[in-house]
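Below you'll find the structures, each written out as C-alpha cells.
Both complexes shown next keep chain A, but they swap its partner, so chain B is in the first and chain C is in the second.
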Partner chain A sequence: VSVLTRSGPKADGPTSDGKPDVWFVYWIFPGFYAAFGVIICLLTRVTPPPRPDITTADKIAFFTEHRTTMQIGFGLLLILLGGAAVSNGIVVYHMKRMTVGSVFAYGYLGGMAVGALPGFLLVAACFLTATLRVDRNPEVVGMLYDLGMLSYNGSLGCFSAAYLALAIAILYDKNGIFPKWFAYVSIWQIVTEVIATQMFVFYSGPFAWNGSIAFWWSVVVFSIWLCALIALLKKATAREPADSPALD
Partner chain B sequence: VTQTESPRTHLPGDGHMWVMVIGDMVVFAGYFIIFMIYRAMTPEAFLSSQQHLSIDLGAVNTVILLTSSWFIACSVLAARSGDHERAIRLTYGGGLCGTLFIAIKSYEWWAKITDGHTNSDMFFSFYYVITGVHLVHVVIGLIVLGVTVRELRNPARRRVSMVESGAVYWHMVDLLWIVIFALLYVMR
Partner chain C sequence: VQILEEVQDLPTAGNIKAQWVSLWTAPAVAAVLLLAFIAFPGFWPPMSPQLPAEQVATFYGENTAWIRFSMVTFNLCGILILPFFMVIVVQMKRMQTQSHVFAYCYLTAVVSGATVFALSNIFFLVAAFRPDRNPELVMVLNDLAWIVFIAPVGMVVSQFLLLAIAIYFDDGPNPVFSRWVGHYSLGTAIIMIPAAGAAVFQTGPLAWDGLISFWLRNGAFALFIVVIFFVLRGTLRRQAIEEGVVEESAQ
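Moving on to the complex of A and B:
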C-alpha cells in the first residue's frame, strides 16, 4: 500500500503536497464511480432506465435479454459497493477539516450511507433475484422490476439530507475547504431529487422514472455536481499540508 | 472578490452567488422548455386545464413579489449609504411580502386540490412541480434574507457584498416567478 500511496499523487497530479494516505483514498472515488457507471449503463441496463409502462411479459423479456450482463454487473456491484462508503469517507474527511466541527460531516455520512441501501443495493438484490429465480411467478418477477427501478431512482430523501448537511457546512466553513458556489450546486441537487419523488405516481411522461424532468434533467445536474466534487476534492487534498496533524 | 475591487466593473454580491443564480436559471429553463414541449404536444388539453387557474391570484402574487424586490433593492441602497436600521426595516418588508406570497400560494394549492385538480392532469402536474420548486426557492430566499438581517445587525460585519448577494438571490426568485406566471397563467 505504501508504494501505491507514494506514487499516486506524483504520477497522476501536478501537485506534490497533501497526505499520501488521503491521496490513496481520493483516487478510489473517481475509480468507484467509473466502475459504477460501466456497471449501471453498460452491464445492468438500469441507466438509461427501461420503460415503466410495459407489460409483465415485456419485463420478463427484459430480464431474459440482459440476464448474463445483469448477473455480472450486479454481482460485481455487490463486491464493489464498499467503494461508495470509501468515496463518502474522503468527503467526510475534508468536511471534518472545516471550521464547523464534525456534526455536519456525520450528517452527510449517515445520509449517504442509508441512502445507498435503497439507492444501490436494493436494485441489485431485486434484479439478481429476478434473473436467478426464473421459475418464479411472472407477476412476482414483474414486481421486482418495479421495486428495483423505483428504489434505485426514487429513494432520495437520505441523499437530500446529506446534500443539505454538505451545503450548510460549506457555507459556514471559514477554512475554505470547498468554494461557496459548490454549496449552491448541492442545493440544486436537493431540488432535483425532491422532484424525482414524483416518479412513484407516474407510469409515463416527464415525471415517470424515465421522464425528462424526474430523471434526465436530474442526471445532468447530478453529473455536474459529481464532476465538480471530484475536482474540488482533488484541490482540497492537494492543499492539505502533508505535515498537518491527524484529525480526531 | 476581485471584481468588487474595481469600481468600473462592479459586480454586486460575490461571484459564488452569481454561479448559483445563473445556474439555477439554467435548471429552471430546462423545466420551462420541457413544459413547452409537452404543451405543444397537446395544446387543447393544456389550455382547458389552464382555465381553472385563477389569473387574479397569480397577478396578486406577481405584484407582491415585485413589491418585495423593490423593498430589497431599496435595502441595498440603504446599506450602501450606511443607514443600516433602514436597510433592516426594508429587508423585513421584503420578507413579509415573501411570507404573504407563500400564504397565497398555499391557499391556491389547497383550493385546486380540493377542486379535484390533482397531478393526474398533465398541466397540473407541471403546475405543482414548477410552482412547488419555486416555492422552495422562496423559502430559501427567506432564510437568505434572515442571514442579511443578521449581517446588518452586527456592527462588526455589515458587509455590503453580503447584502447584495442576498438581493441578487431574491431578485432571481422574483424573475423566475414572472416567467412562471407568464407561462402557466397568462400564455393562451
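Moving on to the complex of A and C:
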C-alpha cells in the first residue's frame, strides 16, 4: 500500500507541510528512544530494574553475568546520549512557538539539560565502573549498584520541573501547538516522580525502586506520555507552515 | 573591532560587543585550562587503567598538591568556556534558511555536556582529599573520575554534529559559516566517538590513557576551539560590517 501511495505523490490529501530541518530533528526523537529502549531493556538490564533487596554477592553476580552486554549497551549510550539533547531541543522549539513566549521553553530546556547527568549518565558511569573491575572490593561494587540504580530511577526534580513548565505552557497557549489533555498527562508525570521519592526509603514492596507503584506505574505513565509526545510533535511539526519566519 | 560612534548605543552594536567579549574570553580560558592540563601529573603520561589500587593511592598521596591545583582550576574555570559556545548558538540563530531548531538542540547539548565536565574533577579532588583512605576507595574514585572525564562523548559529539547539520542546512546566498566548517565539525565529531571505549577497555588505544581515547579525543576538542575561534572572529567581523556597526576598512 505504501508503494502505491508513494507512486502518486501529492495526489490527494493535505500536502505534508512543515520545515525540513524540524522534520530532520523530529525523526531523531523516536530513533533515539528506540535505541534507548533497546539499551536499557535488553543490553544493560536496568529496566525492568534488578532488585534493591539482594545481597552484595548477588549484585556482583548481576554485574558478572551481564558484563559484556552492559559494556556494549552503556558504551553505546555514552555515544548516543546527545539524542536526549536533540529530543529535548525539538520540544523546546515547539514550546517557543506557543503564545506564551520563551520563558517556559527555557525552563523546560534547563530542567532537561541538567537531568541528563543524574538521569542517564551517572548510572552509565557507575555500572561501567563496576564492570571495569568486577573483582574489586565487593562493598564498593555493591555501592556502585545502589548509586547507579537510585540516580537512574530516583532523579526526580529535574524532570518534574521540565514537565511542570511544559504543562503550564500548554494550558496557557492559544496557538494550540499541543492539545490541552497533554498538559494533564505531563502533570501525571510529576505525580509519579513525587511517588517515586519513596524508593529512597523502601527496599522491597510497591514503593521500592522496582515496585509496582514507584516503578511500574511510572513506566506506564511515562510510556503514554512519550508515545503521545512523539505523535503530537509529528502533528505540530507538520502543521507549521514551511514559510513561517524563524523564531526569535 | 572599533565600533562606530554614531551606532554605539544601538542594540546591534551591543549584540556585536557582547559576542566579541564572549569570543575573546575563549583564549584566556583556554590558556588557563591548558595550564591546568599541563600541571596534572596524571596526564604525563596519562595514568594507566591497569595500575593496582596501592599504586593509584600512592599517586594521589605523592602528587596531592598538583592534583588539587589542576583540578580546582578545571573546577573553577572549565565552565567559563560556555560563553564561547554561546557565540556559536547566537550565530546558529542567524542562519536564515532554517527554523533555528538546531540552535536549541545545540544549546541543550552544550549545557548537558558542561554538567558532565563539571562532575569529573570532583572525583579527582575527592580522591586527593584523603589519599590515605582504603586504596580500594581511592581506586574507585579514580575510575569514576577518568571514566566521566573521557568516556561520555555523546553530548559533545551531538554538539559537533548539530553544528555541521545546521551549516549544511544554511544553504542560502549568505551563509553564516563556510561549508568547510561543517565538514570540519563533522570530522571532529567522528574522531571523538571511539573515546566512549575508555569506560570498557583497560589496554590499547581505546583505554583512557590510549592514543585514541586520550590524545586524539582531547586534541581534537582543543583544536576545534582554536579553529572555531578564528572562524567566529571572521564571522563576527562580517556581521558587524553587514549591520553597519563597524566600517569596512576596519577589517
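FYI, the second predicted complex is superposed on the first by the 232 of 248 C-alpha atoms of A that agree within 3 Å, B and C clash if a C-alpha of one lies under 4 Å from a C-alpha of the other, contacts with A are read in each partner's own complex, and residues count from 1 in each chain.
Keep this in mind: a residue touches a chain if its C-beta (ideal position, glycine included) is under 8 Å from a C-beta of that chain, and two chains touch if they have at least 3 such contacts.
If you're wondering where the values come from, they're calculated on a predicted model, not measured in any experiment.
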item	value
Touching partner for A:86 - first (chain B), second (chain C), both, neither	second
Contacts of A:188 with chain B and chain C, given as first, second, both or neither	first
Contacts of A:205 with chain B and chain C, given as first, second, both or neither	first
Chain B versus chain C as contact partner of A:96, first or second or both or neither	second
Complex interface listing, chain C residues touching chain A	49, 53, 93, 95-96, 98-102, 104-109, 111-112, 115-116, 119, 134, 136-137, 139-140, 143-144, 147-148, 151-159, 161-162, 165-166, 169, 193, 196-197, 199-200, 202
Touching residues (chain side chain A, partner chain C) in the complex	19-22, 24-25, 71, 74-86, 88-90, 92-93, 96, 105, 109-110, 112-114, 116-117, 121, 124-126, 128-129, 131-133, 136-137, 140, 144, 240, 246-247
Chain A - residues contacting chain B, complex	179-181, 183-185, 187-188, 191-192, 194-195, 198, 201-202, 205-207, 212-213, 217, 220-221
Touch list for chain B against partner chain A, complex	14-17, 19-20, 23-24, 27, 30-31, 34, 37-38, 119, 122, 125-126, 129, 133, 136, 140
